[in-house]
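Down below is the structure, laid out as structure tokens.
A, B and C are the chain letters, set down in written order, and residue numbers restart from 1 in every chain.
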């Protein structure tokens, strides 16, 4: 076989089909205000926000090996920044979302410097301590309602759009955009040099170090970027809720437990995993949510079983059976079959 | 005098935190497992204590006779049934599985006992106190502190003076070679978790006598225990007691300044120590 | 020949994902000292791991006193009476010298070996018994490792590269002590890079090359050139 008979590529027929299907789906989703009901749009908006949170958590835990159980710190921080900036700074809500991201990155720097001293599982609990510090600190700020929280003034809500449906459409599109932006950022980040370094770290930290990859710096960058994007999503979440309180903003169940289940069930360390996980999570929630505590116990049990029996999640099962990859990340060797008979 | 009082109360509170931490420290020492469900298991211990006191009409301290072995059994079964399957080089499985366990335990307690705060009734013990030179010290906090010292001394003795402790240390050093000595590490880990949850049962009952509790408070207890372990230094049981005391004193002094500052002062003290002494004050294990 | 104490039949074994042994047949007679020689990567360590239960295989591939033990865990194999002196000594650093020895005997098999007997064999260990095992010299650590295996009173003892990383004079001492150790009616399997040493203490030898037995025979009579051919695979 000549060297020219095969080439290395990332794309395959499946990824090309996936791009086309994805584009069509995206157009349909963008047009949702014209075909979906008010409740459906609300649900989809929430779904997109969870998808974004899950993709970010997956980037940290699945690729960078930074398992955090304290991402609610940045969700709540973003939410509170939205309230503070719009109420006291007179900033337009959309501008406040962007600024919340910048502030999230800034606050994440000293946090990372501290908790990066903890290894592995202790890092995880350290992130939780940070989230508690955030929660307790914001509960001390009486201007933002202290422990009982506050609501977004009507004037600020109106500044988004005059009509109720106008506001609903805008927040739907913002949620959709955040999911698309996060997934696209994760995808393109993983294709950069730093992204490849991440995969190298995940596969073998020692080997990655000996290849001259600065592991600490790469993890640091991932942590900061994730914090910024998580804070922006947090701002968006509380722009939809219109009310914020320390317990809701820094809830470990809402912003970390559910997100972890989504990623674990869908498949950690893949871009597709969080997407499948989010769809499944919402399907489960919509059918079982009135079971309350039972539903949560089932969720916990499913996550444990998946972790023990199929650690690569549902997407891992699908991929190993059909050798699929919707997002072209790994390289494949293609043999040019037309020349093979030579 | 008020400040001195705060320091004394905080020190005694530290005994409770050391009890929270001892099980966590033991498990990490033997199998490098960090159990996210640890706080919920403490709360489970409290609820088991409550159930025993109500059904059998026992004093909470007597309930220990039943709850400690019950929790130890739960620990052994949990370890052999689930947690042993998560141990390996990858830290994700144990972390996520114990996280799932945490959610399950919390919601099972919610389902069984509702979200209403509960408390164990220890009778006169709760209000009895000693007075000396203007200081008033509750008997219960004093007892808790004494139990913490006794528990840590016993764990220390088990670890360094018994065949079981030798097996723990050998397995912790090198699992494969320990197997060659005829030690089945799955069984050894099961015993370690049994011992840890026995201690956790004591922690749960002392917690349940001291304050009211509900199914949601596990996370907070995990964090206190974790902070005590890190402040004291990984793998050092006496260090864990010191860590608990530092945390307790920081909290009572914080509360003295402003009631809203109690928990915050504890966390901030922890973060400051982490910043200057990342391996804790008295580290044993170099990770 | 008497019924073998250990018999490997068509043993295929893996080191991680790689197959390291291909159809190895081998037997050890009671009281016999057998040497396993071979270059790095020939499969010697995998052989030791397979016998001791650190890697599991199909049960019937490893037979001990007529019992299929290939699928047992290491702790179960140890209880049957097989002890391993692992490559690189691998003492327990958190245990003192004496605790290392005691834990070796904690299976509770009856026999001549106890703390006193080990201290008689290696008197220096008695002086050092309360020290941390890692504070000893390499040679002394090797004595602890050998003593630890003896404490289990095994019927079959496996020595994996006991001369590795030790000074020649220490190696000489340890090999001088070996007949006294094995003389108590034990069988032994010695894996060794130093062919001369291995042949001098053994009755028979097997040579491994790329996972297969390339030569076997009596240690006293084998020709040097046959060994180097079997060892390096040079024709």
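Odds and ends about this structure:
One rule holds in what follows: a contact is a pair of C-beta atoms (placed from the backbone, for glycine too) under 8 Å apart; a residue touches a chain by one contact, two chains touch by 3 or more.
Treat the numbers as computed from the prediction; the structure is a model and nothing was measured.
The greatest number of inter-chain C-beta pairs in contact is found between A-B.
In this view the innermost chain, defined by its CA centroid being closest to the centroid of all protein CA atoms, is B.
The chain with its C-alpha centre at the largest distance from the centre of subunit A is C. Put simply, the C-alpha centre of subunit A and that of subunit B have 33 angstrom between them. Centroids of subunit A and subunit C (each the mean of its C-alpha atoms) stand 53 Å apart.
Computed centre separation for the pair subunit B/subunit C is 44 angstrom, with centres defined by C-alpha atoms. Across the interface of their complex, subunit C is touched by residues 163, 166-167, 169-170, 172-174, 176-185 of subunit B. Partner subunit B is touched in their complex by these residues of subunit A: 61, 65, 67, 69, 114-115, 117-122, 124-126, 128-129, 132-133, 136-137, 139-140, 147, 252-253, 257, 260-261, 264, 268, 293-294, 296-297, 299-301, 303-304, 307-308, 311.
By the touch criterion given at the top, residues 52-54, 73-76, 78-79, 83-84, 86, 90, 92-95, 99, 102-104, 106-107, 148, 152 of subunit C touch subunit B in their complex.
Those residues of subunit B lying in contact with subunit A across their complex are 33-34, 36, 82, 85-86, 91-97, 99-104, 106-108, 110-111, 219-220, 222-223, 226-227, 230, 260-261, 263-264, 267-268, 270-271, 274-275, 278, 287.
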